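What follows is a set of structures for review.
In the two assemblies presented below, chain A is common to both, partnered first by chain B and then by chain C.
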Partner chain A sequence: MTRNRNMEIASVVAFLAIVFVAVPAAISASGRFDLYYTLTSVALLSIASAGVWLTFYIGRINIGQGAYALMGGYVSAILVMNYGWSFWWTLPVAGLFCAAASVLIGLPILRLRGVYFAMVTLVLTEVARLLALALPITNGAKGIVSIPLPGALSVFGLTIIPDFATLQNSRLAFYLLAVTLMVVCFGVMYRLVHSRIGKLCQSLQQNEELASSIGVNIAYLRIIAYAVSSFFGGVAGAIFAAISQSIYPSSFTVTDSVNFMLNCFLGGLGYVFGPMLGTLVLYFGWDLLFQTGEFQLLIYSGLMIVLMLVLPNGLLSLAETRKKA
Partner chain B sequence: MEQVIANGLYLGAQYALIALGLTLIFALMNVLNFAHGQMYVLGGFITYTVYGQLGLPFVVALLASGITLAVIGALMEKFLFRTVIRRSHREESTMLLAAATAFFFDAVILLLFGEKQRGVPKIVKGVFNDAGIIMPYDRMVVGALAIVFIAAFVLYMQYSRVGRAMRALAQDRVAAQLMGVRVDRYSMIGFALGAMLAGVVGGLLVTITGVNSGIGGPISIKAFLMVMIGGAGVVGGAIAGGFILGMMESVGLTALREYGDVTYLVIFAALMVFLSIRPNGLMGKPWG
Partner chain C sequence: MAEMLEVSVLTKRFGGLVAVNNVSFSVREKEILSVIGPNGAGKSTLFKLISSFLTPTAGEVRLKGERISGMAPHIAARKGVVRTFQETTIFKNMSVRDNVVIAHHLRSTASLLGFFIGTGAAKADEAAFGQSADEILALLGLSSLAGETARNLPHGHLRALGIAIGLATNPSILLLDEPFAGMNHEETMRMVAMVRRLRDLGLTILLVEHDMPAVMKISDRIVVLNFGQKIAEGTPSEIQANEKVIEAYLGSEDEAIGL
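After this line comes the complex of A and B, so read on.
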């Protein structure tokens, strides 16, 4: 048991060392600064995917994460542009706004199951896009552009985070921000899944009626899980808006929602860190195939089909089969 | 007003035909076929090639669309979905496969047919204009054909041996197997039939709206809507859902014209309210 515990700590330390020290060092050594942007996107997308994974954990197929990412992006952008808030305050507010919205939306739709929930959430993504087009405050199809970079954050006169606009390398700053949030997010997920609530969520995944009959408050748990999931989506969307300094109704569409779901599938639905690995592989796979030009989508989807045939339970199931053998 | 109803009926007939294929595949395999819209587009492009480019009769083109898609559907079931369903721990894994095949079809269509909007010559010329209704004849022909296909499909499911087997399969897979229904074979036929329907509608509609490689996704979403309204996996539900969506779209486009492009926003919102009251749609099985 203690050996397992040590192994866990060692791998966490190794992971932190890689993302915070090794990766920036390798990038500055090789001079491929564009990789910062790629890795930042991976980190943010994996946060949103982690939210989707959590809804999978309570047995719901969520294809609506794009809606919350869009919502979070708009909340942050509007607060910064129209009300002059600091980006750092809009970040938690965007997350909480999405969580609150998801409670309102979730109350009716979380009663649905299986494909019905999947399709309603898919429709939700479309609703968010159409709303962003139709509402006056979102500025329609033109979107909100030239959002300023995040400013300085100081507590009691002590500057914790410097102004991004004054930094020489704002890409590195965004990378560190995204990766820090990713680590926190997956830390929270790990704690959640290995807590009492996590076990209760698993019981929902297997049989809701049975869980409810032995006194599990299923409606409450579903809402909590969905709200946490949407919180992640909102935060990821808000940072995306800050990085690209713009947000449009088409920033997050059905394709993005489907991709969040695919990330979870690819990594493996049974593993907390599945969404992270899935996002990394899918995003980098797509980037690497860019050189193949017009055959990019063909090869990408072909590989995905093959992967599905060989490893239908996700990439991380590979480790498990080896353990058994 | 008459015009709105006529438009609604015309839209409803083609929508219902799209939804039928999707719901059939869902009922038999519990697979939500994300690639349905792409199958529709493929069918449209085949008709475009055979009828528009090669100049063969429209009926031949429609047959070619149907048969090609049926073959593709059968192969997909046999080599992809069956394997994944057998090996996977969770049923939802088929959704990844379905989404991947949708991407794959998108890529193939883009490579083969390009990204341009394609149309074909009208199959019938002239416009019907009487009793306050204006409707081109070709729309009426396509609407009537769609209704004929729907009727044929319902009769086939109801009275033929294959249809009976498929209905048994949809009701209870294990029981059907115990009664000696060859489950694998009829799953394959069902998938082929569903894909064929998508191809046929694509072929029909290319004569009116044309086709381009980007409309697969939106068509899939519309098909999902109809299936949800009617209830997943129920033939009657798909037909009802198709006509309801067609009507709503037609009425919405007229009634909400002054508010801008909000018809689908209203439809989506109405659908979410409806589903929170009736989670299984109009006539769906509980927890489809």
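After this line comes the complex of A and C, so read on.
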């Protein structure tokens, strides 16, 4: 037991050292500063994917995370642009707004199972896009542009985070922000899954009727999981808006929603860190295939199909089988 | 003996079909009461009504005087009415022990947030549940299989696990849905002994069943349904001698009554 515990601590420390020290050092040594943007995207997308993973964990196929990412982006952008809020305040508010919206949306739709829930969430992404086009406050197809970079964040006069606009390297700052949030997000997820809540979620996934018969309030638990999922989506969307300094109705589309889901599949639905690995591999895999030009999508989809057939439990199941052997 | 569960003038209509029609009976404390009847007699509907998986059209179910019909299933379970399922309904990808541990959820004093943070109450709960789960597994002869993934269990043990899950909720009355279905003679006799042992330990049990010899052997009292109505109620020997019951069975299928 203690050996396992030590192994766990060691891997966490190693992971933190890689993302906070090794990666920035390697990037500044190689001069590939564009990688910051790529890795920031991976971190943010993996946060949104973690949310999708959590809905998988209660037995629901969620193809609607794009809707919440879009919503979070707009909430943050509108609060900054129209109401002069600091970005740092809009971040949790965007998450909470999405969580609240997901409770209202989830109450009716979480009763659906299987392909029915999946279809409704798929439509949700499209509804979010159409709403962004139609509502006066979102400025239609022109979107919201020229959003200022995040300002300084001070608590009791102490500056914790400097004004991003004054930084020489705002890419590094965004990278550190995204990675920090990713670490926090997956820390929360790990704790959720390894506490009783994770077992309760599994009980929903495996048999809702039985869960209900042993006194689990299944409706409540589903809502909680969906709200946490949407919170992650909203936070990721808000930071995306801040990085690109803009948000459009097409910033997150059905394709993004599908990708969030694929990230989970690829990494492994049974592993908390599945969505993180899945996002990394998919994002870089897609970029690597760029050289194949017109065949990019064909090869990409072909590979995905093969991977799902060969590794139905995701990439992380490889580590598991090796351990057993 | 005090009455544990009271079913009064219970009726359930599905459109024009009356599945359960004015059925009344009561289950006494620490007895095994069986509900039997030919196919389509309304047993399953009655079972769902009692466990609150269905809401009655008329009438009500009371547990120790408190009306439970119309409550959500998880609330009814919290009040003490817990059911098992006809098929092998378990959490099939969890270990046998985890199945029973999670079923202690009802007894937990800590909140979800408490479990997330890992408060003292949550840790105490986890420890208590683990210990109680081990005791239940031992009682049902599943100790040696505790670490096994549930879906790999043989049929007879699966049914025992279903009962273990029910027991973990600490019910006032346990409802068993066809506990002997699909079992061979030996497995049935083992299950009969097990259910009787639970009764001897102080549990009140209501079961719905087809297997006539087993019902005759296990029951303290029997309620017979036919076409949604109660046609008889009594001890096994009274039921065996009841003309209406014999007629109902011989008229519908060639299943002989008795041993």
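The rule is short, and it goes like this: the second predicted complex is superposed on the first by the 325 of 325 C-alpha atoms of A that agree within 3 Å, B and C clash if a C-alpha of one lies under 4 Å from a C-alpha of the other, contacts with A are read in each partner's own complex, and residues count from 1 in each chain.
Following the convention adopted for this analysis, a contact is a pair of C-beta atoms (placed from the backbone, for glycine too) under 8 Å apart; a residue touches a chain by one contact, two chains touch by 3 or more.
Keep in mind it's a predicted model, so treat the numbers as computed, not measured.
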By the touch definition at the top of the document, which applies to A:Glu294: first (chain B), second (chain C), both, or neither?
first
Between chain B (first) and chain C (second), which, if any, makes contact with A:Asn4: first, second, both or neither?
neither
One more residue to check, A:Ser146. First (chain B), second (chain C), both or neither?
neither
I'd like to know which partner A:Asn217 touches here: chain B for first, chain C for second, both or neither.
second
Residues of chain A touched by chain B versus by chain C: which partner has the larger set?
B
After the superposition on A, what does A:Leu192 contact: first (chain B), second (chain C), both or neither?
second
Partner chain in contact with A:Ser203 - chain B first, chain C second, else both or neither
second
For chain A, which residues lie in the overlap of the chain B contacts and the chain C contacts?
none
Given the complex with chain C, which residues does chain A contribute to the contact?
191-192, 195-197, 199-200, 202-203, 206-207, 209-210, 212-218, 224
Residues of chain A touching chain B in the complex
56, 61, 105, 108-109, 111-116, 118-120, 122-124, 126-127, 130-131, 133-134, 254-255, 258, 261-262, 265-266, 269-270, 294-298, 300-302, 304-305, 308-309, 312-313
Going by the contact rule set out above, which residues of chain C touch chain A in the complex?
51, 53, 72-74, 77-78, 82-85, 89-94, 98, 101-103, 105-106, 108, 112, 115-116, 118, 122, 125-126, 165-166, 168-169
For chain B, which residues are in contact with chain A within the complex?
26, 32, 34, 80, 83-84, 87-90, 92-93, 95-97, 99-101, 103-104, 106-108, 110-111, 217, 221, 224-225, 227-228, 232, 260-262, 264-265, 268-269, 271-273, 275-276, 279-281, 284, 287-288
